[in-house]
């Protein structure tokens, strides 16, 4: 969607240097920039290269404010953030929103304004969906599920009954929300396993985003909860009764066992494994593939942990160095 | 579903202490108990706390048999197991069962009594489905698949042709059963890979449960088989030709390569990785994230193995302690 | 599909020893061979056992050329490869190909000859599909996607808009292609994450095969690309901007973070984890569960790497041996 730089600067709260009447049509990388592109630069040393690109205009950090530039500039202390927001402003408006004729929407469902429901999606009884929300093709939304406004569920998303989603939530294709957790009781007489009740619920708060084919189980007796602003990558597993704080980041293929607590602002790399009843306190950082044994408490805002069992990365690297050196000396 | 304590005691084979005429409507956790709740306690030291909760009645271990309790008690040597069974008895009966008008059921399919097939499910030719089985919305069941009675397949479950499922099997949403295994032959002239035939089958025996988005491949030439009572969590991968015994437990994101054998009563934590042709003998326990290299045999009923390559946990913990101590002493 | 040995020998370019008029109906393993089976043997020491099986005929290596055998032989320097190709020749022809009446195909889509589209599949606007391609039930193909000829997409495959697939590509059930990558910008004022634009594309070249429930993200601003002949197992994650070379093999549950480069002929075991901006150079082999930290370069054609952080397996095994020995000596 074509916009003038002046309009963008105003909407984005940036200062504008140069010709504000030129128009841009999309954000782009440096190498694929064209005459309609808006690009960004965070580091003063790359400013000249960016100005030599084919882009129409540049979002740059404060360092560029005094610069006599060959292209118009939008100046911001957070150029990458402004670039992300510009991308949203330049996005083409959605196609006409509609409830597709093949979607299954029972009379008991309560659908907001301007909701889009794709082909072959099926809604259960008493489902509620807020305004401007999109439900992708082939999705199946269980009975009594509540979905807020401005959400986007992509194709073949499955939501089990009784799940609650806030506003502005994104769920990518194939994710399964609110399934039964993995809890069994072994009969000491027969040795057979019987399911422990998995009758709790799943609550996902505003602005959470969930990647493709991830699975998040509902609570066994009570709830699983993902708090505001948390971002979850593809193929992540989150077990029953897990509590995740605000603004947590969880990279792909990480797994959280039952009854884990993750506090606010924790960051987890990919393929991290967390055993049951672990608590990761606010602001800790877990390196990729690290593992936390059952019931441990991980503490340390801004401290990076690595390895299995995870320890502060400084210790772990020292251990690795000692091991490598010793094995080489060894005959 | 409301029941009197006396009825429950009888169905569950428990002794009843106190007023059997009171009714309960559901199981619950201690903290969310209400006046219709049935809760449980396994440990004598928590009995007083449980009796102070809002619950209507308590399932307790034998330790409570002589107790002068303020609430009615159901006494059993396995209170957690009885709690799980009570949950089933208290579950509301299913909605009316039906074959949804949008389900695709060819004339050659043979459907049992009281089968429920959800919206947009599609069955292949000659599929057979036993009594009281539920097929979720959007599921696709391949030609010549046989599904037993009292099974529950949730939404968007995919079953490839020729798969056989026993009775009382649960498959959660998005699981893929009977796909082609990962086997290729490299042409030494061109360096290109060509698929080795993946034309075997997958057999899943009674009472197996499979988590959301898990994948289980069929045999290459012969069969992959999961034996009675085995429980599999979410996002688990099981390769071609794998043989899994009875009452095996496999936690989330674990992966079994081709031609692995897992004997009865093995327990695996999450994110365990098992290379091809490994044999894990009966009753071994593999800690989370442990890894077993190709063709190894793991032996030891009740022995916990950990690490990659997995070794008895006592050895592994000793190694970790040595390494930590040595690295600290190291300058 | 029944064929004479003579016909097979000719189509497969093998020399035939013995009676070429006998017919075979399928390939099989040794233990399940019947009188219509074709089996193979790669190792001279097993030839006698194979000849004693119930199979009708045997594909054998050059070692068998002078042998006075009790069954007809097809001789090739690559018997396993010939067996794989024979399996394809003996496969029954597909059922009648059709576009199912419940499939959603907009007028703007361009569909080749002899295309099969399963029940409840939905195609977006302007989708193009080449000749002889199969789209499974419940699949959802986004707007402007291009799919080549002779491809096979199984049930519930999701393709996001603007994805390009070459010819002879196989995508197993539940895989998600072209989803949004995991990239966020943190607002330093609020601490909230906002999505970095994920508006690039995904290109998959000829002869690539992708396992069930795997997820491959599109580029953030530019492209993610999987080159010719690469084979990807189940539950694999491939992040945005990743570049994968030709004839790469990636086993199950492996994860590649954003902006990773994998050169030609690399082999990765299962559950390998590769952090962002890593480069794995041509022909390297990564053992199962190994992990490569951010920005590393892995170099060494034919060299096996193992562990986290991955090092040459010889070094790693030496370290493990030193550690085990030292811990045992330690009191």
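By written order: A, B and C. Residues from 1 in each chain.
Just so we're on the same page, a contact is a pair of C-beta atoms (placed from the backbone, for glycine too) under 8 Å apart; a residue touches a chain by one contact, two chains touch by 3 or more.
Because the structure is predicted, anything quoted here is derived from the model rather than measured.
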Worksheet item: Should the pattern of chain-chain touching be classed as line, ring, star, complete or other?
Response: complete
Fill in: Copies chain C and chain B - interface residue numbers shared by over half, same or different
different
Worksheet item: Where the CA atoms of chain B average out and where those of chain C average out, how many Å apart are those spots?
Response: 28
Worksheet item: At which residue positions does chain C touch at least two other chains?
Response: 120, 138, 156, 174, 213, 235, 253, 271, 289, 323, 326
Worksheet item: Can you list the chain C residues touching chain B in their complex?
Response: 26-29, 31-32, 77-78, 80-81, 83-85, 87, 102, 118-120, 136-138, 154-156, 170, 172-174, 207, 209, 211-213, 229, 231, 233-235, 247, 249, 251-253, 265, 269-271, 288-289, 307, 320, 323-324, 326-328, 330
Worksheet item: What does chain C use to touch chain A in their complex?
Response: 104, 120, 122, 138, 140, 156, 158, 160, 174, 176, 179-180, 182, 184-188, 191-197, 199, 213, 215, 217, 220-222, 235, 237, 239, 253, 255, 257, 271, 273, 275, 289, 291, 293, 308-309, 311, 315, 318-319, 321-323, 326
